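You will see chain A twice below: alongside chain B first, and alongside chain C after that.
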Partner chain A sequence: MATLTLEQVSYVYNPRTPFAVEALDDVSLTVRDGRVTGIIGHTGSGKSTLVQLLNGLEKPSSGRILLDGEDIWARPKEMKKIRHRVGLVMQYPEYQLFEETVRADIAFGPRNMGLSEEEIAVRIDEAAAFVGLELSLLDKSPFDLSGGEKRRAAVAGVMAMRPEVLVLDEPAAGLDPRGRDTILQGIRRYADATGSTVVIVSHSMEDMAAYCDDIIVMAHAKVYLSGTRDEVFAHADALASVGLDVPQITKLAQLLRARGVELPQGIYTVQAALEALRPLFQ
Partner chain B sequence: MAQPFIHTKDLWYSYREDDAHSTPVLRGISLDIARGEYVAILGHNGSGKSTLAKLFNAILEPDSGELTVAGTDLASPELTEDEIFALRREVGMVFQNPDNQLVATIVEEDVAFGPENLGVPSAQIRARVDAALAAVGMSEYAGSEPHRLSGGQKQRVAIAGILAMQPSCMIFDESTAMLDPKGRREVIETFERLNREQGITVLTITHYMNEAARADRVIVIDDGRVLMDGTPREVFANTEALLAAGLDVPQCTALVHALRREGVALTGEPITTEECAELICRALEVQ
Partner chain C sequence: MKTIAFGQYYPVQSPIHRLDARIKIILAILFIVCTFLCKNILCFAALIVAALFLIFMSRLPLGTVLRSIRPLIFIMIFTAVLNLFWTTGETPLFEWWRIRIYEEGIYSAVFMVVRIIVLVLGTGLFLTYTTTPIALTDGIESLLSPLRVIRVPVHEFAMMMTIALRFIPTLSEETGKIMNAQKARGVDFSEGGLIRRAKALVPILIPLFVSSFRRADELAMAMECRCYRGGKGRTRMTVPHLHARDFVALVVMVAFGAGILYLNRLGIGYSVP
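Let's turn to the complex of A and B:
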């Protein structure tokens, strides 16, 4: 529903002091409309700074951030509107739950937008369904939920604002494998059903490969690689050289290809590997 | 047989926020861990695995059952403060968030914090700090400010801080969860080296199946009980049971099981990428 573009964006922490650190150095990139884009990069590569720039939490030291072609800093007083259009889910968002019920917590954002109570009720149900939160949980205190459920409630709260761009910083960090799959499937379901643009920051190559359409790799304050998932993961050696990795199953496919097994490129999931190998065993 | 380093028998524990709702988190855990073992502990969020680690370190006290760690009976009603203090020197813990564990403004001061508290003479502290930083590969950062380090480097400083107290066991409670792949590798390689070269008993709690596959032994905790206990190969062979417990298996293991379900004859339980490639090539008769 919206395209985000960075034009030659730089960001410096503690500018004009001996402690100045350039977190982003002349970064230009496009987050494509209606796609799920993964941002990966080593610690300190600039990806968290990037996330905070996307919805105007931080202002670039230079360069422009365009939402559907319009500079988000053109009218600073209207930044609140930008934040309704670009929704941000921070790391460990469950620590920010505070209402008496899960329902009230999810309603917080939509209510702030001035929506009617009927509309808010519709959005709560819709967001809860996306993240797979059972309706019976909505009237409980958020503090009675499990860790994974709390995380999903926090994500639902931002989804309920129906932002045109949903940005999530490490949405699966610290969750067990089932919790990880549940939240990521929920985000994918939301993207597919609403056509929203989604940006996910993560360290997990397996998760990025399984759930994203496009990938942007950050390294040393710059965009190191970007493109579709297939284009980026084809550069396994380049990823390794900046401390990143390809999924184990992708490495397996590379080993097999090197030994003469005829497998296509672009195997990132166990299911894809199974489908490629099945005919060879028949 | 020598006395195990950690011994539990029918160990129970529940968090009591109010007496009406005290659901047991651990329901009869029995296991023995020998000195020098390298053990991965798996379990879904809320399975009780972190609670178990906190019992091993005397942060929590058991409700019932046997619990002996490093020769100290932690279930004894006569357990003294001094014994708990001595045990925590023996069993160090590294937690998840690298930003919550460093207390000083200079790396070497942070590492010295533990031994200073133990009353180690200052001449020895210097030697211990240097040795600990060397062991985690952080000597060149001795004079750095912790907040300027990467996540993996911070965790290695946290490990050095424990090492300086000369423990015999280290417990890693999801210590790699917040790190990037490189940081994760740095931390794993550090504790594997400490296990191998200094004989330190390593317990690592993780959600990453690939990490667990590197350990000598994997213990799976599910709803407060030991669900499985064996080598990674033995444990990951039970794909269905692991999935039912909300866990996963390494991608290669999952692929081999899926092929086998479709009738492909594959013998063996590969857990590494290389083993898996070998197995598939052999089955396809590729050289």
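Let's turn to the complex of A and C:
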């Protein structure tokens, strides 16, 4: 529904002081319409800064950020509208929960948009379904939920705003494997059902490989690699040189292929490997 | 690392940065006393020179230092106006309706403003800008340690201060994060009347309180795990030593105070009571 483009964006923290840190250096990239894009990089590679630029929480030191070709800083007074169009889920979003019930918390964003109560009710149910929150949880206090449930409630709070671009900063950080899969599947479900553009920031190659269409690799405040999942993972050596790795199952598939086992390119999940290998044993 | 990590501390190398924290606390107190000893125009001139000398010695950018006065502008204007209109003297310079302004009023208004500026600059330059909060609380603990004799829990106070200081940047960072998160959900903190703005704070304060309690709990647990049992028998990682420069600084400050007292007795121009 919307395309985000960054044109030569730089961002410096604490400019002109001894604490100046260049977080983004001349970054140009495009997040394609209707696709799930993963932004991956190590701590300090500038991912989290990038995320806060996308919905205008921070202003780039130089360069432009375009939403459907329009500079988001063209009319700073209407930034609120931009924030309705680009939904951002920050790192550890469960710490932003504050309402008495989960339902009220999910309603907070839509209510700020000035939607009708009927519309809000519809959106709460829809968002809860995307992230897999049981309806019985909606009337509990958000502080009584488990860690994973809190996280999902917080993500639902932004999904309920139905942003054209949904940006999530480390949505799976600190969750157990099952919690991680639940949340990432929920995000994928949202993307597929609504056709929204989704940006996921992460440092886990395995997650990115399993859930993203496009991948942008950040290193040292710059875009290091970008392209579709297949294109990026074809550069295994380049990834290794910035301390990232292709998923283990992909490596295994490559080793098997090198030994003459006939496997297709682009195996990123255990499930995909299973399906590719099964015919060989039958 | 968005905000300066520890309060106002400005990490450069300077003679003032190198002084012992305890000495700097004493110097700051003496300097405050000096500002209050000042009575006439010569004293205040000496005080301004001393403040400029301190800025120079601390190697801080002038802009940074002057910015620390900005929050006090209202108080300064307020005291200046009070002194200007309520100080009475011999003959009024200006009279209109019930307002009379005397020469003495102008003097005491100017003196008061200079006093406030120098007071803030002095304490900032000796303490917050040039001393890390940790060194500062260690210094306070060390200076107050004689009170232990009368069973004042000095170490506990110092530890509480250290913890409070330690969490200022953490909490301010946390506040920023939560504000951003709620802004992303469409809250606008700069629009609407007073009540709407106050209401907009609820989504910030509740998460902030919740996380503060969680942090306090975690910290207490971590301290217990490392067998923290208060100050008794606890040794320090860095034991501060006094150097020759510390004594030199102390002597210079005492000499400055004596100079102020001498200038007061010269009795030149208007002298504030």
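We adopt the following convention: the second predicted complex is superposed on the first by the 280 of 282 C-alpha atoms of A that agree within 3 Å, B and C clash if a C-alpha of one lies under 4 Å from a C-alpha of the other, contacts with A are read in each partner's own complex, and residues count from 1 in each chain.
We adopt the following convention: a residue touches a chain if its C-beta (ideal position, glycine included) is under 8 Å from a C-beta of that chain, and two chains touch if they have at least 3 such contacts.
Note that this is a predicted model, so its numbers are computed, not measured.
S.K.: Looking at the overlay, does A:G179 come into contact with chain B only (first), chain C only (second), both, or neither?
M.R.: first
S.K.: Touching A:Q52, do we find chain B (first), chain C (second), both, or neither?
M.R.: Touch partner of A:Q52: chain C, not chain B.
S.K.: After lining up the shared chain so the two structures overlap, which partner does A:M90 touch, if you call chain B first and chain C second: first, second, both or neither?
M.R.: second
S.K.: Does chain B (first) or chain C (second) touch A:L252, or do both, or does neither?
M.R.: Only chain B; A:L252 stays clear of chain C.
S.K.: Please determine whether it is chain B or chain C that touches the greater number of chain A residues.
M.R.: On the superposition, B touches more of the residues of chain A.
S.K.: Could you list, by residue number, the parts of chain B that touch chain A in their complex?
M.R.: Contacts found on chain B: 43-46, 96, 150-152, 174, 177-184, 207, 209-210, 246-248, 250-252, 254-255, 258-259, 262, 264, 273-274, 276-277, 280-281, 283-284, 286-287.
S.K.: Write out the stretch or stretches of chain A touching chain C in their complex.
M.R.: It is residues 13-14, 17-19, 21, 52, 55, 57, 80, 83-84, 87-91, 93, 95-98, 108-109, 112-113, 143, 157-158, 161 of chain A that touch chain C.
S.K.: Give every residue of chain C touching chain A within the complex, in rising order.
M.R.: Counting only chain C, the residues touching chain A are 1-2, 4-5, 10-12, 174, 177-178, 180-188, 202-203, 206-207, 210-211.
S.K.: Where on chain A does chain B make contact in their complex?
M.R.: Residues 41-44, 146-148, 173-180, 203, 205-206, 243-245, 247-249, 251-252, 255-256, 259-261, 269-270, 273-274, 277-278, 280-281.
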